[in-house]
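Below is one structure, written out as structure tokens; comments come after it.
Lettered A, B, C and D in written order, each chain numbered from 1.
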Amino acid sequence: MATGHLAHIRRAPAGGRLRLGFVGGGRGGLVGDWHASGARLSNRWDIVAGALSSDPERAALSAQDWAIAPDRAYGDWRDMARAEAARADGIDAVVVCTPNHTHHPIAAGFLDAGIDVICDKPMTNSVEEAQDLRTRTGGSGPTLLLTYPYVHHAMVRQARAMVAAGEIGELRQIRIEYLQDGSMHAAGPDDKGQLWRRDPATAGRSSAVADIGTHAYHMLHHVTGREVEALRAEFHTCGAPQPLEDTAFVSLRLTGGVPVLMHISQAAPGQFCGFRFHIWGSAGGLSWDQEYPEDLRHTPLDGPERIVRRGQGAGIVPEAAQLVHLPRGHGEALTDAWANLYAALAIAIGQRRAGQTADLEGLCLSGADEGLQGVRFVHACADSHARGGAWTDLGPSGW
Amino acid sequence: MATGHLAHIRRAPAGGRLRLGFVGGGRGGLVGDWHASGARLSNRWDIVAGALSSDPERAALSAQDWAIAPDRAYGDWRDMARAEAARADGIDAVVVCTPNHTHHPIAAGFLDAGIDVICDKPMTNSVEEAQDLRTRTGGSGPTLLLTYPYVHHAMVRQARAMVAAGEIGELRQIRIEYLQDGSMHAAGPDDKGQLWRRDPATAGRSSAVADIGTHAYHMLHHVTGREVEALRAEFHTCGAPQPLEDTAFVSLRLTGGVPVLMHISQAAPGQFCGFRFHIWGSAGGLSWDQEYPEDLRHTPLDGPERIVRRGQGAGIVPEAAQLVHLPRGHGEALTDAWANLYAALAIAIGQRRAGQTADLEGLCLSGADEGLQGVRFVHACADSHARGGAWTDLGPSGW
Amino acid sequence: MATGHLAHIRRAPAGGRLRLGFVGGGRGGLVGDWHASGARLSNRWDIVAGALSSDPERAALSAQDWAIAPDRAYGDWRDMARAEAARADGIDAVVVCTPNHTHHPIAAGFLDAGIDVICDKPMTNSVEEAQDLRTRTGGSGPTLLLTYPYVHHAMVRQARAMVAAGEIGELRQIRIEYLQDGSMHAAGPDDKGQLWRRDPATAGRSSAVADIGTHAYHMLHHVTGREVEALRAEFHTCGAPQPLEDTAFVSLRLTGGVPVLMHISQAAPGQFCGFRFHIWGSAGGLSWDQEYPEDLRHTPLDGPERIVRRGQGAGIVPEAAQLVHLPRGHGEALTDAWANLYAALAIAIGQRRAGQTADLEGLCLSGADEGLQGVRFVHACADSHARGGAWTDLGPSGW
Amino acid sequence: MATGHLAHIRRAPAGGRLRLGFVGGGRGGLVGDWHASGARLSNRWDIVAGALSSDPERAALSAQDWAIAPDRAYGDWRDMARAEAARADGIDAVVVCTPNHTHHPIAAGFLDAGIDVICDKPMTNSVEEAQDLRTRTGGSGPTLLLTYPYVHHAMVRQARAMVAAGEIGELRQIRIEYLQDGSMHAAGPDDKGQLWRRDPATAGRSSAVADIGTHAYHMLHHVTGREVEALRAEFHTCGAPQPLEDTAFVSLRLTGGVPVLMHISQAAPGQFCGFRFHIWGSAGGLSWDQEYPEDLRHTPLDGPERIVRRGQGAGIVPEAAQLVHLPRGHGEALTDAWANLYAALAIAIGQRRAGQTADLEGLCLSGADEGLQGVRFVHACADSHARGGAWTDLGPSGW
């Protein structure tokens, strides 16, 4: 049997685990359990408080599901912010995993209460809200960090390191796609997650691009280290009728002129979480597929394809090796990526609480600056589409 | 062992095999052997004459390679047209597989000599030349047929029939790609096939789109039965420096408003003949990859993915079954597709010679009308690119 | 986006999480973290005590890694058994993940202290020890449960249900393999996990069959519901020299005469955790590969292959659906299987503590009876090999 | 576009193509067209004569299918041997692709008439017949060559060269399998190919082992260069009832003590031509699958898996490169392997006719010696099975 090890990031810190609270995420929601599972598996957080639902009964049942003590199961996030801020053993951070249009007031409320915020993407619906949140962070006060889990897969980290080391030469072109099929069906009356994602009142100007395109945009930046200079987008509705797009064809130009073709769709039957990229450079290519996340395909120009596989040794670079918890072939998947993310969040928030500057770059975490840029990406796509697919800049500044 | 059979299309006709000549295709070229292998494997043609190279020594050696009698190994295609037209046992058809800019005079010359022409794609470099060839065909005279081999894979035929039968419902969106990596390297002084493909004097306004984009365009029409109404294209040069594009991002709109995202590149390291499509409809999807041509992936909405595999039975429709020569699992590949194409060409030309109207639609063959439309596609891409990616119509008429 | 849910088995019980202790599993070991991660992710256990290493410093550091309070970090498992049995808030169960030859005294010690035991496989090295442990369980006293995680993958559960429902007809033949490559290298002086596995003094009569063959044996029974009547085995050493086998070719006969071909090896370069089975019946086949655990391949006789994929709907049966935590395409892997196992263990131990009979069959858990049978399998393989590959029965009784 | 070439073996020799005749292979049979397609695609043979069926009408129609002149379409193979031997332009070789029990008289008849014989495998049903045919060949007289097409895949040649060059180190263990599903169904009254294969009167002592196990046995020798010293076999009937086996589990020992596990079955639903091997050595492994013949998977110990793909360059050795006809990614499959075999047969028979010693070893061809050894393999399996799976030698001599 191959020898593996649990990477050190899943060791609880010497001072013990941090305390985590949730707003949203209770029964009936989709992503709350993803965050919570990541936090548990990271071995760096205890989930001790929550305002898990706006429905009081559901909030109580959800708190029991997560073994949250009744006195820390709140019916309203404002009460939670106040009470937790006042406790000696109050939460060290709060996760905001509510519908997008509510991110701003909740995140602002916890930041004002002095509590660090972990916020699902996109950070907000409007650029103005995003700018406002950015102004509330920085300096020595509480911080806001976004949750982009896919970049915390070991083999994405491997890809990033290989690109940075020049193993595929100069970047030449990229294709990235995120394809699903959930929009083929009309949302049912109980399918709250779909209802708010398709309603302009709650989702803003975009549905699929805001929901999954933001992951693709973030991955582009993460793996290449480049910024998006400009883009062109076409929006389509290919699935069940709805006012917002379920599909987008986007062409982008990265710093240095690298062309990118992006395909975003939630109306592609048979595609479930088809998040994939191909990065081609002057000396080779790299391909990764979220549905088979253990394998990074490396195609050196003029040599056989190599399947670089998660595990220790056999070409795995240190940046990836620190995310390896099980030996090669003993699969890790999405919850492991979430756990890697939550371990990184614990480390960053621990650094900040210890008076240090959090090493966001080294931990591959995104703060409010990147959150704002992600919101600008969504708006640039919507603007380009509205202007017939014209080239559109992302805004006054990059990341 | 599963029972298979050699589909009837590989039976020689009762009157014996037809006689075939070649212009181009000798030693040093790439595609001549592909055509010749297809013709041999089809069991419907004897290759008996050729002007296989403009270099006399190479022409003679090439004729010997193919067991062509010395007196029918010509040094010049004009001599060949004249002599073969005069023989009682002259060729029934000529294959033109020379560089694109020479297609027009050669094809015109053989048509004028009364000999049917089988022409590689694209039919010509200019729209005017294409229109001219079209005017020379039709009626009871000799005909010109294009060689698009990929649509003669059994499982492409299966896809076409399933789309037509409504098995994936209404078409909703399509992605098609043709990716290779040959343009990563500069063409060497002996690499004639690359030299003319990258030189505007011989290749015209486009390199990659003309070379492989035309296959993707043709496949779109073949599998969906729809026409391209308009398109937008961006050209890029991602590989070795050259004056023409090696990469194109194209967005198309088919009849009925179906959006298509097309990715064409000869500068994608690790991609060799990555010709693939996904067709998504209201009831499911179909995916096919030329590099694994035996498997058609069918993803019904709400049911498990099905791998429909070439062979008799197990969901194979009659249109595909007639192209099945070996039992399931006993692989057929590209030469089999070429052989299917050459069998169809023999049947069509046999029909014409017998005074019948050739059943091009039923045989999935393309005549000069489609050849012209393919040339228009290339020009529409180049025009759109020149106009900053503006929407561009294909021309006065569709197929 | 597809709608998923966290299956109810990851909800903490109304009475709160159970308390878990560990013997073994600290820094330097391999499998301790696998158990611990599964327990954490299951959301049904708090790890509160441990004798994590026989080395005191390592034991203390390991306890800190897992956030175990210093007063419950024991240096000796005997002290732990005594102290925990005496505490009002003592552990509800102990995990024994030490080298195999120590399972018997430790398990016996905790059972005698009235504490339920969760024991890694194989249960013991000798049949006598296994029989002894069996006699110590049963009735209303503490129980012993084995950890076979692979049968807790959702798609293995799906396979089992499909076999039971007759979807592949009568069973006709099976192939099962578990292939790795760790034995290609000599064990280094610090590689304790390999040193004891290859030493007859600690590993007993078998290395690879005891280590991974037991998983294959257990899977056979689990998926088919049949018992092994007899077997023939050949042992080989194909990797680095060592006194015990690293490879076994085994032929088995299941109840009803179904032939099985089993291949076990830890000396197959390029194989990491290649645990795979094909089950063929009169109406079709099922294939599963641990390295790609989301996909169950179903090959109906005379119909296209179907890829039944983990997720809700699309052919997933209720037995599998209850193990689905993330939507289709959002990958689950080995830690999820461990978490499913630890959830089942919590339910079973909760049932016993509530005075009920634990529903081992329904929860797909194995008690001491199956543990004994697993030890008999190892000895039957060794006996057959010693007798030149003669047919060998497993023992006086089946499961 | 990548540059490819038609390997020189598909060039007709300077003296023109050889003349080929067939006994068997007409309408209603399975494999005749495979041989004929290979011969045509090889560009080295003209098929000019045949006794294609014992049914006269079928023989005449089949001759027309293949464009054989009526005066060389024989009703009886004896007439054909006599007439062709007498013609100045008589056939250079005859293909015998009739049921196995008729191979001996037909092959003997043509050898006696001075005509080289190309015989399908297994060479005969009995060892005695095989020995008799061997005595009729050798020296300067006509020769008999067997048709094992799978070893003529380019990537099998690549595997063989890599093993010989020590790229995977010392051989340590092998697994080889050939799995199909045709025996799940009873043979229908018109399914002549199945009827004779399952009838001991025509098939001899074995069905599946004789039909496809012989390919596996031959591949073992081809790829490793080792001989089988002894084997143990179990026969099973897992599909439709029949007197002979449809499944065999075989354990073999190669020269040097290398253990091999072989699985042969025609009763595995969903398996069509699942001929696969894994060869593991001290320094790595090689895996090949006939259904995806372009890819040879190379797993160096301690490095990433490499997918060595058919094409020029990128690690392809000269032994394989000479079988490369299409550029990488432009698929070759089974008919290409047959064509490579028929090219080799033409070269060998041309050598013999020119008075040289045919280079069977270099051409990877098998003569009567190997044919005899293949028959011995079948009998050794049957003998071992009859003796309860006892170790059984192959016979007095190896290859």
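We adopt the following convention: a contact is a pair of C-beta atoms (placed from the backbone, for glycine too) under 8 Å apart; a residue touches a chain by one contact, two chains touch by 3 or more.
Per UniProt, the chains are A, B, C, D = Gfo/Idh/MocA family oxidoreductase.
Remember, it's a predicted structure, so these values are computed and weren't measured experimentally.
S.K.: Farthest chain from chain D, comparing Cα centres?
M.R.: The chain lying farthest from chain D is A.
S.K.: With over half of the numbers shared counting as same, classify the chain A/chain B interface as same or different.
M.R.: Mostly the same residues.
S.K.: Any chance you could check whether B-D or C-D wins on number of contacting C-beta pairs?
M.R.: The greater number of contacts lies at B-D.
S.K.: CA centre of chain B versus CA centre of chain D: separation in Å?
M.R.: It comes to 34 Å between the two C-alpha centres.
S.K.: In whole angstrom, what separates the CA-based centres of chain C and chain D?
M.R.: Distance between chain centres, rounded to whole Å: 44 Å.
S.K.: Using the touch definition from the top, which residues of chain C touch two or more other chains?
M.R.: Residues 181, 271, 305, 309 of chain C each touch two or more of the other chains.
S.K.: Quick one: label the inter-chain contact graph as line, ring, star, complete or other.
M.R.: Contact pattern: complete, every chain touching every other.
S.K.: Show which residues of chain C lie in contact with chain A when the two form their complex.
M.R.: Chain C residues touching chain A: 1-6, 10-12, 14, 16-17, 30, 33-34, 36-37, 40-41, 43, 64-67, 180-182, 191, 193-194, 197, 211-212, 266, 271-274, 290-294, 309, 311, 325-336.
S.K.: For chain C, which residues count as touching chain D in their complex?
M.R.: On the chain C side, the touching residues are 168, 172-173, 175, 181, 184, 232, 234, 236, 238-239, 247, 249, 251, 259, 261, 263, 265, 267-271, 278, 280-285, 287, 297, 299-301, 305, 388-389.
S.K.: How about chain C: which of its residues touch chain B in the complex?
M.R.: Residue list for chain C touching chain B: 298, 302-309, 313-315.
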